[in-house]
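The next part holds the structures, each set out as C-alpha cells.
Consider the two complexes below, in which chain A is the common component and chain B and chain C are the respective partners.
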Partner chain A sequence: MGWIVGTAILLFIIALFVALFSAPANEAAPEIDMASLLSMSLVQASLSTLAATASGTAMAIALNRLDFPGRSLVISVLSSAIVAPAIAVGIGLLAIWGRAGIVADLFAAFGGKWTGSIFGLHGTVLAHAVLDAPLVARILVDRLDAIPPERQKLGQSLGLKPLSRIRLLDWPAMAPALPGAIGLVFLLCFTSFPVVLLLGGGPANQTFEVAIYGAVRQSFDLGGAARLALVQMAVCMALVVPILLLAPQFGQTSAGRRHVWKPGGTERAIAMLIVLAGLILYVTPLLAPLFRGLENGGLSHVFASDSFWRALITSLGVGTLSACLTTLIALLLARAAAASRSKTSRAALMLPAYAYLLTPAVVISLGLFLIVRSLGLAAENAAPFALVTGSVLLSLPFALSALAPATATIESRYGKVLESLAPSALTRWRLVEWPLLRTAIGTVLAMAFCFSLGDLGIVALFGTEHLATLPWAINRALGAYRTNDAAAMTAILLVINFAVFLVLPKLVAGRNRNA
Partner chain B sequence: MSRLLAALAIAAVTLAAPAHAGDKPTLTVYTYDAFAADWGPGPLLKQGFEATCGCTLEFVAADSSIGALRRVQLEGSTTRADIVLGLDTATVEEARATGLFTDHSVNTSELSVPGGWNAPDFVPFDYGYFAFVYRTADLPQPPKNFDELMNLPDTFKIVIEDPRTATPGLGLVFWVKAVFGDSAREAWSRLAPHVVTMTADWSTAYNLFLQGEADMVLSYTTSPAYHRIAESDNSYAAAQFDEGNYLQIEVAGILKSSPHAELANAFLSYLTSEAGQKIIPTANWMYPALPIDLPEGFDPLPAETLLLPDDQVAANATNWIAEMLAAFR
Partner chain C sequence: MLEVDQVRFTYPKGTETFHYALTAGPGTISIISGPSGSGKSTLFDLIAGFAMPMSGDIRLSGTSLLPMRVADRPVSILFQSNNLFDHLTARQNVALGARRGAKEVGKLADDALGRMGLLGFAGQAASRLSGGQKQRVALARTLLRDRPVLLLDEPFAALDPALADEMRTLIHNLTRDRNWITLVISHLETADGGFADQRFEMRDGTLRPLA
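Showing the complex of A and B:
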C-alpha cells in the first residue's frame, strides 16, 4: 500500500513537469543566470542553516540545564514557531527590527538612532533563524531530556566540566538527530519564498523559488521555470538522499525527563541568559502580529464581514481535509518504510514525500492547472482538489519525520510477534498501532492543519472567487489599502494555528502522552 | 485506499459537471483580484449590468492582470473567458501579440484619456499616474523631480516594487527611461542607495511605507484620495514631478474565442458609460476614462504626462528591466 502511494506521488510530480515542458515556449524570455542564482541560494541557505542550528542547539542545551515553572510551556511555544505563517513572522520581525520598530523606539528613547536595516541577506538569515531555530531546539531538547539518568548521575559524580559534559553526554545524544534536523532546515531555507520576497531587499538576494515565480509571471517562460525547478530539486536531492540513506533510524522518541542535573553558578546564569535571549528573539516576532491585529478596530470590522467568515470556513474545511489525508498517507508510507529491510528501499519510500519541499508551489499550481485543463475539467471546479493536494504534499515531509520513528519502534519491538501471531489489520491497529502512534498522529494532524491554513501559493491560477482562503483574504485586503483588516486576520490566523497546535495533539494523545 | 480514490474520482466527476444557470448566458470576465473584491468595482458593475442584460456576469479573479492574461494564454482558444479586464499600457502590446483578442464595437468617442486612445481592439476604462506617496507631516518639502529625490541624503528611503512582478515597478522603469533616456543607467545607480527594498507586489510596498519603513513609496497619484475619502485621513500626499508623472491606462479586451461577442461589447459599453464610470473613482481608486466630476478628495491631475509608445515598450521592456536590476545587484 505504502509503495502504491509513494509511486503515485512520484508519478504526480513527474506529470506536473511534463505538463510544464509541453506548454508553449516563450522564445523572447530573458536568459536565466543559473550560476549566480545557485550561488546566492546556497550562500543564503548555508548561513541561515548555520544560524538556526547553532542558536537552536544552544537553546536546547540551555533548556536542558534548567528546571523552572513554565518550562514545558516554553518548549510548546518554541515548537509552535514551525506553524507560524512565514509572512506573519516577516511582519513581526519588521515590527521589532524595522525602522519604525520597537528596537528603533528603544534607541530613540535613550537618545540614540537605530540605523540598521532589516532588509538584505542578514534580514533573511535572521527570519529563517527565527522560524527554524525553535524547530532545532525542540528536536534536540527532547533528545537531551531523554539521556538515561544513570549516565547523568555518573557524569555528575565524576564532576564533568561544562564543556566535557556537552562533549561526553550531550553530543552523543544529539548527534543522531542532527543530520535530519540540519537537512530539513537547509531545505526550508533553500526553497524559502515569502520571507525572501519580503526581506531579501530585491534582486541581489534571490532563491530559486523567487526566480521561478519571476520566470512565470514576467516572461511566461514555463519551460524556464521548470528547468529552474529541476535544478533546485537536483541540488536538494543531492542533500536529502544521503541524509535519508545515512542517518541512523531514529529509535524511540523522548520518554520524558526523568532526571535533572542542574548546574550551579555561572553555568546556570549563562543558561538562563540564553533561554531569555532566545525567547525574546524568537517569540517577540510571533507576538507582534497579534498585538498589531488587536489595534485599530480591525477585528470588529473583520467580524462584521461575510467574506471573512466564508474565507474562514473554507480554510478550516481545507485544513481539516488535508490534515486527515496527510495523516493517512504518512501512516501508510511510514508503515511501509518501517517494514522494509533495506535502507535503499526505505529511502525510496521517504523520498516522494520530500518532493514537495523541493517542488515549488508555482510549479505545482501551474502543472496541476495544465493537467486539469487537459482532462477537460473547469479549473474552478478543480480548485478545492488542487488546494488540498498542495497542502497535503506540503505537510508530508514533516508528518513523515514525526511518524517514522514511532512506526520504526513498533517494527523493532513487536515486528516478530506480530508476524507470528498475524492478527487482523483491525486488531493490530487497535491493540498495537493506535496506542503507540496516537501521540505522533496528534502532532501530525495539528501540523498538517496549520500548514494548510497558512498556505497561499496554490490557488492563484484557479480563480479566487469561489475558494477564497484566509491567507487569500489577507492578501486581498492588503491589496486594497485595508491594512487593519489584514492585520486582524493575520492575528486570527496565528491564534487558530497556535491553539490547534498546542491543544489538538493533547486531545488525540489522550492520557498516555509519553507512549 | 482504493475506496478513497474512487470517492475522489466521483467527486472530481461531479465537480466537472457543467453548472446549469438556467437559460441565461453567462459573460465571464477575467480580471485582477482587487477589481473583483467585495469592495472593488466588480460587485457594483455586476449589479448594474445584470439589471438590463438578461445575463449573468461573472468575474473570475486572478492574482493580477498579468495573471489573468497568463491564464487565458494557458487556456488558449478553449478559455471560458469572454473579456480580459485590467491590462494596461505596459502589457497591452504583449496581449495583442498573443493574437487571442478581437476588435470591439464600443463607441469610445466620448472617452478622454491623456494622450488619446484609438486602438481598435482594447477599450480604456480608467487611468492613473505613478507617483511617490509620502506623509505630509514628515516631508514638508517633497522632492519636485527625480534629481531632487536622488540628491537627498542616503538616509532618505523609498520602497519600490519589482518590475518583473508588479505594475508600478514596471511603470517606474518606463518613467525613468522617459525622463533620462540613454542616461537611465546612471539614474538608477543614483536612485539605488535610496531604495530600502524592492517588493514583489504593490501591497507589500505600500504596507511597508504605512508601517514607517520608508519615507516614500512608489504608488499612484490617487492613493492619498483613498486615505482622505475612505479613512478621513488627510496626512498623505503624492509628489507631482515637474518632468511629469508616468501614465497608466487600464483597458479591457474581448477574446476572439468568445461566443458572446455582442454581450461582451454591451458590457464594455456599460463599463464606459456614465453609470459604469461613476463606480470607478471610489471603488477602483483610479481616474474614470469618461470625463465626469471627481469626488472631493482627489488631487488635480498632474500637469505633465509621460507615456512611451506601446511598440517601444514591448520591444525594449526586457532590456530596460535588466538595466535597472543591474544597478541593484
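Showing the complex of A and C:
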C-alpha cells in the first residue's frame, strides 16, 4: 500500500512539472523582470535569515544560561512558532506598527503623530524574524541543553570566560544544527507569501511567491507564473541542498540530567533581558490581533457575518480532512520504508514526499491550478480537492520526519518477533503500532491541521467570494480596509490554531504520552 | 586535610536526603563505592561547587570552600568521559584553564603531556585519540593546574584492564609526588580497592567508612 501511495505522489509531481512546463503564456501580460525579482528575493531572504538566526541563537544561548520556573513554558511557546500562521503575524505587526496601530495610538495619546511605516523591506525582515527566530531558538536550545553535564562542569571548573564558553561548549553543540536551521529559515523567507503580500509595500520588495500570485490573479500570465515557479525551485535547490549536504556531523548529546551552569550577575541579567525581549518580540504580534479584534465590536460584527461562518467551516473541514489524510499517507509511507530492506527503495519511498520542502505553497497551488485547467474542470469545482491535496503535500515532509523514526524503531525492535508471530493487521495495529505511535500521530495530526488552517498560499489561486478559508477571508477583509474584521478573524484563527496545537497531541497520546 | 563536615543535601525535586562526612589527608587516595543513584557523584558536585549543601561545611586546611566560585576552588575533576573538547588538540585541551602567557602555557602543556607519554600526540585532535589517551590527556591537564584536591568520577570504567592498571599507577604516583588529596568514585571495588588508602561506601543515603 505504501508503494502505491509513493508512486501516486511521484506521478503527481511529474504531472505538476509537466503542467508547469506546458503552461500557456499571455503575450499581453507585462514583462517579468526576473533578475531584479531574484536579487530582491535573495536580499530579503538573506537579511531575514540573518536577523532570525542571530536573534534565535542569542535567545537559545540566553535560555540555556537560565533556570527559572516557567522555562519549559517559554520553550513550549517557542515551539508554537512552527504553526504560527504568517498572516496572523503580519496582521499583528500591522496592529502594532500600522497607521492605526497601537504605537500610533500611544503617540496620539501624548499629542504626537506616528509617521513611521511598517511597509517595506524592514517590515518584511521584522516579520520573518518574529516568525523564524523562535524556530531557530527552539532547535538550538535543545542542542545546548544536550551538552553533556560533565563537559559543562569541566568548563565551569576551568573558569571559562563567556566568549570561551560559547566557542568551546556552545558552538560545537550548535554547529551541526545550524546549517539545517539556516537552510530551513532561508527557504521559509525566500518563499514567503503572506508576509510579503501584507507588508512588502509594493512590487519593489516582492518575492517569487507574490509575483506568481500577481501573474495569475492580475495578468493571467500562466506561462510567466510557471517560469517564476521553476526558477524559484531551481534557486531553492541550488542554495539549500548544498547547505544541508555540507552540514558537519560532529556533535554531542546527552540524555541525562541537564547541568545548569548559571553565569555571574551581569551575564545573567543580559540573558534575562534577551529572553524577555525575544518573548515580547514573538508574543506581542500574536496578542495584538486579540486586543484589536475585541475592540469596536470586531468579534460581534464578524460573528454576524455569514461569509465568516462559511470560511470557518471550510477551514475546519479542509484542516480536519488534510490532517487525517496526511497522517494516513505518512503512516503508510513510513511503514513501507521501515519494512524495506534496501536503502535505495527506502529513499525512493521518502524522497518524493521530502521534495515538497522545496516546493512552496503557491507553486503547489499553481501546479494544481494548471492541472485542473488542463483537465477542463472549473477551478471553483476543483478547489476543495486542491486545498486538501495542497495542504497534505505541504505537511507531508514534517509528518514523515515525526513518524518515520518511530516506525523504524518498531521495525528494528519488534520486526522479527512480529514476523514470526504473524498477527493480523488489525491486531498488529491495535497492540503494537497504535500504543507506540500515538504520541507521534497526535503531533502529526495537530501540525498538519494547523498548517492547513493557517495557509494562505494554496487558497491564493483558488479562493473566491464563495469558496474562502479563514486566511483568505482575512486577506479579503484587509483588501477592503475592514481592519477590525481582519483582526477579529485573526484572533479566532490564532485561538483555534494554538488550542489544537497544544491540546490535540495530549488527547491523542492519552496516558501513553511517553511511549 | 579535606574535611566534609556533616554535609546534608537534597535535590530541588528529590525526596531523598544525602548525608556526607569524610576526612582525607594529603598524599592519600580514598575510594567511594555504592550503587548507581546512591549519591556518590553528588558528593563530588558538592566539593567542586556544582551544588551547594543545605547544611554542614566543606573545608580544605581549615578554610571553607563553600563561599568560593567553582573555578576558584582548589579542585580538579575528571569524569568517565567527556573530559576533553573533541575539536581542540591535546595540547590545547591541556592548556585550558592555565592562566599564564600563551608561550609559557604551551611549554608547560607539552611538559605535562610528556610526563604522560603523549608528547607525540600534542598536535592531534582529541577526537582522534583512544579512550586511554584521552584520560591521560585529561590527567595531564590536572598536572598543569596542580590543584590539591583531585576528584575522579569512575575514571577507569571505560578502559580495558591493562590501561586501567596503568592509569591507577599514574594516579597513585602523582598523588604521592604532589601530595594531592585524591577521591575516586568506583564500582570496580576489587580492582580499585588495592590502591586505596581508605574506602567509603554510600548506602541508604549516607556515606560510611569501610574497614
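Criterion: the second predicted complex is superposed on the first by the 314 of 515 C-alpha atoms of A that agree within 3 Å, B and C clash if a C-alpha of one lies under 4 Å from a C-alpha of the other, contacts with A are read in each partner's own complex, and residues count from 1 in each chain.
Rule of thumb we're sticking to: a residue touches a chain if its C-beta (ideal position, glycine included) is under 8 Å from a C-beta of that chain, and two chains touch if they have at least 3 such contacts.
Everything quoted here is computed from the prediction, not taken from an experiment.
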Message = For A:G159, using the defined touch cut-off, is the partner it touches chain B, chain C, both, or neither? Pick first, second, both or neither.
response = second
Message = Under the stated touch criterion, which partner chain does A:A23 make contact with: chain B (first), chain C (second), both, or neither?
response = first
Task = Please indicate which partner A:E150 is in contact with in the superposed arrangement: first for chain B, second for chain C, both, or neither.
result = second
Message = After the superposition on A, what does A:M1 contact: first (chain B), second (chain C), both or neither?
response = first
Message = Going by the contact rule set out at the top, does A:L94 touch chain B (first), chain C (second), both, or neither?
response = first
Query = Which partner, once the models are overlaid, touches more of chain A's residues, chain C or chain B?
reply = B
Query = Following superposition on chain A, which residues of chain A contact chain B and also contact chain C?
reply = none
In the complex, chain A residues that touch chain B = 1, 4-5, 23-24, 28, 30, 94-95, 98-100, 115, 117, 119, 197-204, 210, 213-214, 216-220, 305-307, 328, 332, 366, 369-370, 373, 376-382, 384-385, 460-461, 463-465, 475-476, 478-483, 486
Ask   = Which of the residues in chain C end up touching chain A in this complex?
value = 45, 48-50, 69-73, 75-77, 79-83, 85-88, 96-97, 127, 153
Query = What part of chain B is in contact with chain A in the complex they form?
reply = 1, 4, 8, 11-12, 15-16, 18, 33-34, 36-40, 58-64, 66-67, 70-71, 73-75, 78, 80, 155, 157, 162-165, 195-204, 206-208, 210-214, 223, 226-227, 230, 285, 318, 321-322, 325, 328-329
Ask   = For the complex, which residues does chain A have touching chain C?
value = 148, 150-151, 153-154, 156-160, 168-169, 172, 250, 252, 259
